[in-house]
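One chain, chain A, links the two complexes that follow: it is found with chain B in the first and with chain C in the second.
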Partner chain A sequence: MSRNLILGLSAAVLTAGLAAPALADAGDTIKTIVDRGTLRCTGHNGSYLGFAEVDDAGKWTGFDIEFCKALATAILGSPESLQIIPVSWAQRFPALQSGDIDVIIKVTGWTMSRDTELGLQFSRPYFIGPTNILTRTELGAETAADLEGGVFCINAGTSIERIVADYMGARGIQYEALNFEKAEELRSALYGGRCDALAGFGPFLAATRFNAPNPDDFVIMDEVLALEPEAIATRQGDDNFVDVINWMVSGLLMAEENGITQANVDEIRANPPSASVERLLGVSPGMGDRLGLSNDWVYNVIKAVGNYGEIYERTVGQDSPYKLPRGKNHLWSDGGLLYSLVLD
Partner chain B sequence: MAVALAPPATDDNLMAWARRRLFSTWLDGLITVAFGALMIWAVARIVDWGVLDAVWTVAEKDRCREVDGACWSVIGARGRLILFGLYPHDEHWRSTLACIAIILTMGFSCIPKFWGLRRLPALWVAGFAIFILLMYGGILGLPVVRTEQWGGLSLTVFIFAAVVVIGMPLAVVLALARRSPLPVISGVANVIINFVRSLPLLAILFTAAVVVPFVVPDWAQGDKLVRVTLAFALFFACYQAEIIRAGLQAIPSGQEEAASALGMKYWSRVFDIMLPQAFRNSLPSTINQFVITFKETSIVTIIGFFEIMASGNAAVGTGEWVSQFVEVYVFVGAIYFAFVFGLSRYGAYLERRARLTHG
Partner chain C sequence: MRTLKQRKTRAWIFQAIVLLSTVGLTVSFVVIARQNLLSQGIATGFGFLERSTGWPINFALIEITARSPYWRMLLAGLFNTLLVGFLGLAFATFLGIFIGTIRISSNLILNIIGTVYVEIFRNVPLILQAIFWYAILTHLPSPKQAIPLGDFGFLSNRGLILPALDLSMADVYLLLIATAIALYAAIRMQRAGPELARLAMPLPALAFLGVFVLLLFIGRTPDAPLMTLPELRGLRFVGGVSIKPEFTALLIAITVFGGAYIGEIVRGGFLSVDKGKIEAARALGLSAFRINQLVRIPLAIRAMLPALANQYVWLMKATTIGIAIGFPDYFMVVSTAINQSGQTMELIALLMAGFLLINYSIGHAMNRLNTRLAIKGKAA
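Moving on to the complex of A and B:
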């Protein structure tokens, strides 16, 4: 199934849907969640490597799933009160608008058309998705320019096609594109030596490299062709819910900045090193009552899923099979683009 | 005087048979040798890959990178995910029993003894009641499992069975309505059939799953799985109606006229004279439609249901097993094959039976 067809279909459905009067009330999503006792969050129809996967026992795991858990814990106090609803890419926006799910946490880029025309409200980005190039180690290429005249394998019908064309066009680098419909075909072509390089979403490249017959034959270049900020999407017009999500992301980052981990959170809570950590973990009020949550919600979240860095390393980073370098997803103090908001 | 011809050669031994059938001319011999070699090569490659060079157990999975053959460890590690989808791990026995219940129901309804206007519906109501009771739970101390968590083989089989069971009577009604002499009735049936047939199945299912919640008030929406199954059944019915109509048209019009002349009422003419023959006439196309429907159940993955193809994709969608997609596809393919092959054998049996009883 081509991504274009799905997108077109979902756009058509959405147009039909938006014209109809029965849009789910954006109203008070948190109240709906609390009344229901569960948060309905996005899964995947199958699995999306590293972000939403199903383990051997049929349980959801992955980077996005951890954020769903964090949000469920923030609002309801326990990661157990999370319902993962499997939805396809095409289905995610209509499913949110119809109230089938409360929130989209599904590697969803914050784009202008989604923000304005689809009636979505985005949180601050929680993941910076890079488009990178994977190449054969033996070619010794350091930058895209070194791959002049080479064959690029690209997933047909995706935004990657456009990103590569723009990037290489702007730099006047000639290349030959070889398009494939399915990820499996793309991988076989690469392993079989039909292409010199594979351009794609960073996490996908990491998985491709990990699964190569010999992973050392391939290397992911540092060069970033494009960045896509992935954000959490909600229905337009529920400011308080967006506030909670923004501070949830911020709380995870603040915990990492302050060295608070799943393992030491109890200890730090018992002896908070500073007034802001005291407030963050709910020893003193301020973090919860101003959002309509319990004051110790960040403590509960850290206890349940750990801080941002821990989530990252466990699901897509060094402790996962993918070993995706953190790159731009480091804290600003480590050379990345992530920072927490100011807790005053 | 006529020359007496020798009787046709009989294949009294294997050599004679082979000489006559496979090597009668040098060209035949060449083709036999070439294709024979090709077959042996292909079979050898498959056996090599699937059996001799394969890694079988989960414990040995680290060897998968080294060998050229299949890595069946993936089935051992992820098999339950493929077969049960997102169904809670501790409740898999329920899904197994439910799946067996629906397969038995399908099996029983293939036996001519159960064909009857009372027996067949009773059988299906019982079969579906057991299935839903086991899968959904909520009574007898079984925890509730919401339909979003249903998955794997039992979901595939359930969707197929429900679509056929709901779609078949609907198809009969549509086919009869389309032949009705009353223009309003035939017109309505005509519009429904042509409208539904001109839409892709994907669009219909997407509408049922995603658009309906926008236009229908909450209390009337029902469960997503129910909506999707009903929409699928409607789609099936529109195709099947045309197949049945073809079967009806193959019956000489004199039969119905003769029945009318004998004073038989409409329903009696339909159920005793027309439909039995129509079903027999349309048997090959009906089996064809069943097979297509079984395979098309995999489309529900696009609206987030974890039928067996989606759970197969989920099974390979983790870092550890990404390379084993061929093995998983072979496994899922074998399951599809078992069902579809069973269906075609059953169709062949029905055709033999129809010939025997109505020579």
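Moving on to the complex of A and C:
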């Protein structure tokens, strides 16, 4: 009997050992991507509406997917050189460390423990995620305090769990947290009336409300529990890759600042209004050679997916079913928090 | 050289080689994994267990807040798994015995009911069943339109709310200890001889009841009512005890699914009893009841036990389905903890160790039962 136990235990430890990922080396991610010919980017196990949606033909769309396309275009020249790997929230970090994916673009909050303990390196934030509360209209609640004692449905394993606990704890508001691993089950619990409120990212709440059998039964409260900067995560120690991502985000914002869109990019490239736009679109060198990319990579990206504002409106904003206001995700000049880095 | 030719010695050497290489492989896996994690700048070790989680769960047998450390959260998850697992095993066994019995009964209608039941619930995946029961339970009316159960309880999509005895958690632990002592006393008295055996049931039961009543009167807060009745206040029920729909749905799913399998095991056990033995008993002039009691059931149980042990271990693992309907069992808590702390390897190891411990205990207990019930001198 005791030998069985020892065997069982060693088998368990053995499996734990095997689960140790065949680790990908940081530092040469771009080389790996170029050799492979495709970028491996994060999808979702199911559809995370607005950000990573998959249709019945297996085609991915969404805000995060557009960024994956932009990155694929920046490095490989074509948005088609992209492989979307469906991973769950919990799988995303191990999948990155094992090299199953090259980068995490999956509304991932930049938190201290992820940055320091998980061996991740974050890019500059590419999306500002407000945490809001969606509640049933019939409850007539206007603030979180009106939901005293209510059941809050929350996506398990996300930072929302902690944000809600901190927010409610600091204000002494009692609540019951009901956590679900998958968004589909979270939604059906809300629609079925199992919970009084759903706490989560504004965009996610907008999509949830839009998909409700009757959207008017639900309302998103104005109260903002927290702002979470969402950033693109890579393996620690690959500085060049992080540089490329930072300038990719910057390039999309710079294009918007300069009024460069998918439709007029050819025209502007033929007739650039300023020296920095000239450099941005690769008419003159500087944008690509310093990053190890082709000089016209920003042009290719804009041609493929459009500028930041276009991506936003198409996937989650006014041109999408979700009609999420841009809020803090406007450029600084329009009252938002987004700005580009300085291209010199 | 001669010793090598002896079979026994060779067998020992082979055993030693296998054992050594297994241990060696294990150690090297752990060392390699650790090195790789260190080189990636990932914190390893179990230090995170002392840190507070920052997130609460809505169902726990021990007190849990967002400030509880990880080890306490994991413990709460383990208890939840044990609770739903053991209740599920017990209910599934009762249901299985019932289903198994009607499946072999000569009554055609009962027979058909049993067959249809087994075919439906054995062939639909457990996860679908769990989601199905959960959907039914959450489509009950909201708390404001809750269905009153007499003057005492309420049934709503927030669960079943019942009046609760005003006992503190410490009282409940004391009661659990008292239950264990009473059970132990009953078993010892049963074995001590026929004189005491007659008292084996009533005496410990009486003592237990005494402890219970005593606790009820001195264990509660002074002047508090004996019982708290649930009452709707705002969005929730205050007072009483609530049985959450997540828990109920998982319990029903495991009971109904396990019942179908156990029913088949029970049926197989009864059918395996040799016809000749029953005829022999009948020839001795035993009544139908005594035949069942002395021949059929003991023989059937022997045939059922190994398959039943398997089924129990399987059902215990099936509690992990809870994650699909938001029940914070051990698996769900570990899964969330992985995401929140990022300590994947450590938590997966803890997850496996937890289930290994539970299922090894079940297997061990069933094996001991099997050995005790085996026909002397026949089975090893």
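Basically, the second predicted complex is superposed on the first by the 242 of 344 C-alpha atoms of A that agree within 3 Å, B and C clash if a C-alpha of one lies under 4 Å from a C-alpha of the other, contacts with A are read in each partner's own complex, and residues count from 1 in each chain.
Heads up, the rule we're going with is that a residue touches a chain if its C-beta (ideal position, glycine included) is under 8 Å from a C-beta of that chain, and two chains touch if they have at least 3 such contacts.
These numbers were taken from a predicted model, which means no experiment stands behind them.
Colleague: Answer with first, second, both or neither: which of chain B and chain C does A:Gly192 touch in the superposed model?
Modeller: It touches chain C, and chain B stays clear.
Colleague: Using the touch definition from the top, say if A:Gln97 reaches chain B (first), chain C (second), both or neither.
Modeller: both
Colleague: Applying the document's definition of touch, where does A:Ser320 land relative to chain B and chain C: first, second, both, or neither?
Modeller: Touch partner of A:Ser320: chain B, not chain C.
Colleague: Go through the superposed model and pick first if A:Leu118 touches only chain B, second if only chain C, both, or neither.
Modeller: second
Colleague: Return first, second, both or neither, reflecting whether A:Val87 touches chain B, chain C, both chains, or no partner chain.
Modeller: first
Colleague: Under the stated touch criterion, which partner chain does A:Arg171 make contact with: chain B (first), chain C (second), both, or neither?
Modeller: After superposition on chain A, A:Arg171 lies in contact with neither partner.
Colleague: Check whether A:Leu49 is in contact with chain B, with chain C, with both or with neither, and answer first, second, both or neither.
Modeller: first
Colleague: Between chain B and chain C, pick out the one touching the greater number of residues of chain A.
Modeller: C
Colleague: For A:Ala207, decide between first (touching chain B), second (touching chain C), both and neither.
Modeller: first
Colleague: For A:Arg290, is the partner it touches chain B (first), chain C (second), both, or none of the two (neither)?
Modeller: Neither partner.
Colleague: Taking the contacts chain A makes with chain B in one complex and with chain C in the other, which residues are shared?
Modeller: In chain A, positions 1, 9, 13, 16-17, 20, 23, 90, 94, 97 sit in both the chain B and chain C interfaces.
Colleague: For a test of understanding, state which residues of chain B touch chain A in their complex under the given definition.
Modeller: On the chain B side, the touching residues are 65, 77-78, 80-81, 84-89, 146, 148, 151, 202-203, 206-207, 209-211, 213-217, 224, 301-306, 310-311, 313-320, 322-323, 325.
Colleague: For chain A, which residues count as touching chain B in their complex?
Modeller: 1, 6, 9, 13, 16-17, 20, 22-24, 43-50, 53-60, 83, 85-88, 90-91, 94-95, 97-100, 184, 187, 207, 210-211, 213, 320-322
Colleague: If we count contacts the way the header does, which residues on chain A are in touch with chain C in the complex?
Modeller: For chain A paired with chain C, touching residues are 1, 5, 7-10, 12-21, 23, 26, 89-90, 93-94, 97, 113-114, 116-119, 139, 147-151, 156-158, 161-162, 165-166, 169, 176-182, 185, 188-189, 192-194, 196, 235-237.
Colleague: Give every residue of chain C touching chain A within the complex, in rising order.
Modeller: Against chain A, chain C makes touches at 22-23, 25-26, 28-30, 32-33, 36-37, 39-43, 54-58, 66, 131, 135, 138-139, 142, 157-158, 233-236, 238, 245-246, 323-326, 328, 332, 335-336, 338-342, 344-345, 348-349, 352-353, 356, 360, 364, 367.
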